[in-house]
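What follows is a group of structures, each given as C-alpha cells.
Next come two complexes, and both contain subunit A; in the first it sits with subunit B, in the second with subunit C.
Moving on to the complex of A and B:
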C-alpha cells in the first residue's frame, strides 16, 4: 500500500470535486428547511382551537382565555407570529409553553437519552448484521442463509413497539430480570455509566436492534450477492487469491454502500424519533418529547423540535453523499 | 386424455357446478382441497345463520347479509373463471403463453410467495366472515373482565369483558381495508408524480423533487401524528395521511422512467414522431408495471405497520372501534396481569405484514427473476 487512501479517494480530492456541489446542496437544504418551517407553522395555526384554550382548561372563563391569548401573543397577525417563532429559534428565546423552559433546556437532556440509545443500537446492530449478511450471501442456500433470511424477513414485518411490549412481558413481568420502563439512574445525564441505566436500556435497545439488524442484513446480503457476480470478483479469484481475501477486500467493500445509506437513515430515525419505542418503554428521549409536544399542542416547542430534527436530517443526507463520494471514486456529483 | 374428452361440452358445464373438478383434472390437489373446504364453509355458514335466525324469528342484520353475499359472490366468481378456463380448448386452445400466465405460474411455484398468498386469503376470509364467526366486538360483559384464553373466549377478554378474538377479527376489516385503500391511492399518486417528474423533467421535476425532500426531512410518523392530532382522526383522514405523505414510490418510479427514456425503443418511438402521451402509455408505463406491483405489495405491509403505530399512540382508529394498534395500547397497561392483551393483537399485525412481505418477495421473484434476493 503506497500513500493511497485505504478506501476510494483522498479527502483532499473529494473536497475539490465536491466543492460547488456542496454549496448547492447547502442552499437546497436551506430552502427545504424554510419551506418546512412554513408548512409546520401553517398546520399548527390551521388547527381548530389553540394552546391558550388547552392551557386554560375546560370550563375556563372567556376573559381568562382572552388574557392568556394576549399574553402568549396569539392575537398578532400570522406573519408576525411566524417571524417571532423563527427569530426565537435562532436567538434561543423560543420557550416551550407546556414545560415553561427554553427549547434548548427541554431538548438537551432528551437528546442525550436518545443519543445514548441510538449509539448502542447502531453499534450493536451494525456489528451483528453485516457479518450475518455476508454469511448469508457467501453460504447461499444453506441452512445459515435460510435462518438469516427468515429472521430478516420477520424483522422487517414486526411492529417495533410490539417487540418492546413482548420483551416487557417476558423479561419484565414473567422473569423479572429487567425493569419494565423508564431510564433508571444516570451520572451527569448519561445512564450508560450505571448498571441500573444499562438494565433499563436493554428492552428499548433490543427491540430497535432487531428491526434495524433485519434491514441491514437484508441489504448486505442482496448487495453482496450482486457484487459477487461482477467480473472483477472472478478476476480476483482467478488470480488465485484466497476466498476470504476476495470476499472481504474485493467484494464486501463494494457492497457496503447501500448498508451505509441505511445506517445514515437509521441515525435519523434513532436520534430524531424512535417515537413508538420511546413511548412504549417510557424512554425519555426526543421521540417521546415529539409525541408529548403534539399531544399537548405545545406550538413553540413543536416548531423548534421540527426545525432541529429537520436540520439534523439535512446534515445526515449531506454526510451520506460525502461518504459515498469518498468511498466510491466512480460517483461524481454534478 | 382423448380429443373427445378434451373438447367435450360437459367439461365447462361440470366446471360451472363443481369448479374443483376442473382443478382435480389438472392435478391441482392442494388448490382443489382448499376450494372444497371453502365451498363447504359457505354452505355451512348459510345453513347455520338461517337456522339461528329462523329460531329467533328476526330478520337478518345487514352486516351478516353482506358477509354472506360476499362469500357467495366469491363462489360465483370462481365458477365463472372455471367455466372460462374449461371453454378455452373449445375456442381453439392457447397458442402462446402470455407474460401474465408465465408470471402466475412462477408465483405458484414459489413456496414463500404462495404461503404469503394463502395467509392473506385466510385473513381476508376472517375479515369477511367476522360477523358470522365471531361475536359482537363491542359487547361488554362486566362479569367476565380480563379472562385468559379459554374455550368460551378463544383469546381471552379485555378490561371491559369484550372478546379479544372478535375484536381481532373485526380489526382485520379495518386493517386490511385502510391498508389496501391507502396503498392504492399512494401508488396512484406516486406513479403519477414519478411519471411527470421523470418524463417531463424541467419545472415539474424540480417541484416534485423539492416536495419529496421536504417530506423526507422529518420522520413520517411525526408528520402523521401531527396532522391527525391537529385535524382529527377518521378513516378517511388515515387513508389520506398514509397515502399522500409517503412518496417513496414517486422517487422509485422517477428513477425507472429516467432509465427507460434512454432505451433505444423509446428513443426510436420519439424519433418516429410518436405523441408524448403514446410514448408514455405504450412504451413506458407497461415497463413500469412490475416495479409498481412490487412496490405496492411492500407498501401495504408498511402502511399496516404505520396504521398500527398511529392507533397505538391513540392517533388512529378511535377506541370503541376495534383496531389492532389500539388494542395493544389498552393491553400495555395490563402486561402484568393480562399478557394476552399485549400478545395476540401484535401477533395479528406481525402475521399480516409478514404475509404481505412474503407475497411481495414472491411476486418480485416471479415478475423479474433477475431481481431475486434484492430487498
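Moving on to the complex of A and C:
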C-alpha cells in the first residue's frame, strides 16, 4: 500500500525499530571503516614513489634519499607502519609527513572550509531547485518549464571550473563586486560568520550550485510528475482538498525520495568534484588537500583524510536512511 | 641672512624627512605563489616556494647582485681566500641579532653548516655541500673559516644558499618545534602560516641592515596563474612571480601592471637513456634531432617570446656559454630525409625494430608535456612509433632513479634543470662520470666521457675565470656533439607588480627581494 497517512505506526514502535537499526548500522560502519583502512594502506604502499624521494628533489644524492626514507620511517615493515597509522589516527598522534604537524591540525581548518562550502551549496541548491522542479512539473510545457529545462541543461553541460572563471571575470574583474579567490575572514574557523566570508563564498558556491540545481530540479520534476499520477493523489483531490494542499502536503513529500538520494550523492561529488573548483578559486578545502597529499605521497595524511571522509559519508548515509524512514512509512527496517 | 638660510634649510630638511617618513609608513605587501611553501627550515628542503620564504626570514653570508651576479657582502662583510685556494676566511658583521634577541655569532654560522652535513639529520641538502665542503670552523666571535676539500670557485653559490639559524634556540626547542615557530635574523619575522590560505610575515623593526619599509608581507598560494593575473589586476595581490604566456602578452598593454623580465635559470631539455639500444647509438639521437624543428616549435608554443631556444645547457647570458658555436656547428638542421635514412640504417643493422614503440616520459606540467608532444610529432613524421607519457611526479621519480630496473623503464625524458650563476652547476651534475650511477637524479642519461670528466674537474678547481671558461667551452662542445641531450629552451622569467609597488627589482635567482642590499620595497596607500 503506497502513501497512507504519513505515520502509519505508533511513535513508540518507530523509535524501537529505528533504535536497533541504528546500533546495527553503526557496527556495520565500523567494520567497513576497518576494512577500508587496510585497503587504503595497501594502495598507498603499492603506489610507486614516496615522500622522501619527492622532498629530496632532483639532484639529491641517493644516500641522502635513503637517509631521509629511514628517518621518515618508510623502511619499517608494513604491519608496523599500518599499526602506527591506525593507532595514531585514533590517539591524534599521527602526523602529516609533508607538514610535520598532527593530522587534526592540518585537516580541521580545511574540513571546516569544505563543510562550509558544501553546506551552503547543498542548502541553497535544494532551496532553489525544489520549488523550480515543482513549478516545472506543475506548469508542465509552459514557458516556466522550458526556461527551467534550458537552464538545467546548461548547468549540467558547462564545466564547473569554467563557470568559476567566468564568474571571476564578470563579478570580480569587470564589476568589482566580489573578491577573485580565496576564503574570507573567519570567526572561530567559520567564514560564514563574517560578511567578508560570504563575499568570498559566492563564486565557489555558485559554480558548484549550478550543476547541482540543474540535476535536482530535473529530478524533482520527473519524480513529482510520476507521483501526481498515483491513486492517492486522485483520492485526495476527490476528497475535495485544495490543489495546493494536495501537491505540497501529499505529493511532494512522497516525491522527495530520489531528490534525497541525490543529496547524498551530491555530498560525494562535493568532495571529489570540488577539487577543481577549490583549485581554481583557491578555496582551502579538503579536495585540494587530498590532491596535494597525493602529489606529495603524504601517506599518513592520505590515510587519515580517507578515513575521515569515509566516516563523514557513513554518517551522511545513516542520516539519510533515517530521514527516509521518517518520511515514508513503507520503508520498514527489520 | 644666515638665519633665514638656516631656517630655509631646516624647512627643506623637515619636508624631505616627512617624505622619507611617508615612504617608510608601512603597508601590507601581498604576493602569490602557485604552490604553497612546504617547510620553514632549509634543512628540510629547498623547494622554490619555501626558498622564497627562507630568504625573507633568514640571512646568508653573502648574496648575489641581481644585476652583475657578483657575490656581495651580507652577514659576511669581507673575505679572503688563502693561497691554497681551500681555506676561505670570512669576517662577520657585528651587532646582529636574531628575531628573538639573541646575538648572531660565528658559533651560529658554524652550527648552521654543521647541521646540514650531519648525517644524523638526514637532510636532503647534505649532498650538495658534502661534495666540496670539508669543515667550517669558528676562529673567533666574528670570524669563520670555510675549508674546502679542493679549490672550488663555485662554492659561493652554495654558501649564498645557507641560511643562518640560532644555535641556542634550535638546541633548546628541537628541529620540529623550531619549524613551527622559525626564528631568523632576516628583514621579516614569522607571524602565522595558515596552510593553503596565507603565510604572514611582519617587519623586523630591528633588522641590522636597514628598517624594512613594508610593515607586513603576505604570501597567498593561488594554484591557477590566470586567477593570479585577475587578482593582480584587481588589486587582490601586488606581485606575481610566474606568468602564463597568454597573460604576459595581455598585460604588456596594461597601464597598472609593471612587468619585469630576465632570462630564466631553468634549462629544459630532452635526454636519451644511454643504457639501452637504440638510444645509445649516436645515429638514432641525430635522427631524432633532425626530425623536429624545435626552434620553430618553441616560438609557436611560447607566444610573446616567453622562451628562447637553448643550444647548450648554459643560459645564453652566463659567461662560458658557447651559444653561437653550438648553434652554428653542433645543432642539427631539421631534415626528415636524413632522419629517415639514419633510422633505416639502424633498422637494417638490427639495432632497432621498425615498429618499436618509443616512449617519451614527461612530468605533467604544460611546459614539459608540450615539449614532449612536439618531439613525438616530429619523430612520428620520421616514421617512428612514439608515445608521450605524462607522469605524476611521485611516480616519475622511481622511474628516473631506475628503481627495480637498472636499464631504466624510460626511453626518452623531458626534464628541466635549474642551475644558478656558475657554469659548474649546469655541467657537473648532468655530465660528470661520478654522477653516472644508478639512482642519480642529475646525470639521468648515465653519460660518461673521460675527457669531459677531466675538463670539468679542472674547471671547478681553477680560480681564473678565463681558464675556467676555456675548459667549460671545450667540455660543452664534446658533450653536445654527442647529442646525449637535445637542448630545449630557457623560459623567460617574468614577474608582474601592481601599481602600488615601488622599488621592486627582479632577482634572476627567482627570490622575492623585498628588503636587501639593493632595495627596500614600499607600497603606496
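Assume the second predicted complex is superposed on the first by the 301 of 334 C-alpha atoms of A that agree within 3 Å, B and C clash if a C-alpha of one lies under 4 Å from a C-alpha of the other, contacts with A are read in each partner's own complex, and residues count from 1 in each chain.
Assume contacts are C-beta pairs under 8 Å (C-beta built on N, C-alpha and C of every residue); 3 or more make two chains touch, one makes a residue touch a chain.
Remember, predicted model here, so these are calculated numbers, not experimental data.
In this superposed model built on subunit A, subunit B and subunit C take up the same space, so to speak, and clash. Using the contact criterion defined above for the overlaid structures, shared-chain residue A:86 touches neither subunit B nor subunit C, since it reaches no partner.
Touch criterion met: A:173 reaches subunit B and subunit C at once.
With both structures placed on the common chain, the touch criterion links A:275 to subunit B but leaves subunit C unconnected.
With both structures placed on the common chain, the touch criterion links A:219 to subunit B but leaves subunit C unconnected.
Of the two partner chains, subunit B is the only one touched by A:35; subunit C is not.
Once the two complexes are laid over each other on the shared chain, residue contacts for A:115 go to neither subunit B nor subunit C. When the two complexes are overlaid on their common chain A, residue A:128 makes contact with neither subunit B nor subunit C. After overlaying the two complexes on the shared chain, residue contacts for A:241 are found with neither subunit B nor subunit C.
Legend: residue contacts after superposition of the two complexes on their common chain; A:153 is shown touching subunit B, with no touch to subunit C.
Within subunit A, the residues touched by subunit B in the first complex and by subunit C in the second are 47, 165, 168-169, 172-173, 180, 279-280, 294-295, 297.
On the subunit A side of its complex with subunit C, the touching residues are 47-50, 53-65, 67-68, 70-71, 98-101, 106, 109-110, 165, 168-169, 172-173, 176, 179-183, 279-282, 284, 288-289, 292, 294-297. The part of subunit B that touches subunit A in the complex is made up of residues 210, 213-214, 216-219, 221-222, 225-227, 229-231, 301, 305, 308-309, 312-313, 328, 331-332, 335-336, 339, 342-343, 346, 349-350, 353-354, 356-358, 361, 373-375. For subunit C in complex with subunit A, the residues that touch the partner chain are 36, 38-39, 44-47, 119, 122-124, 126-128, 176, 179-180, 194-197, 220-224, 226-227, 230-231, 233-234, 236, 392-399, 401, 403, 415, 417, 429, 437, 439-442. Chain contact summary for the complex, subunit A toward subunit B: residues 28, 31-33, 35-36, 39-40, 43-44, 46-47, 153-154, 156-159, 161-162, 165-166, 168-169, 172-174, 180, 215, 218-219, 221-222, 225-226, 268-269, 272-273, 275-276, 279-280, 290-291, 294-295, 297, 302, 306, 309-310, 313-314.
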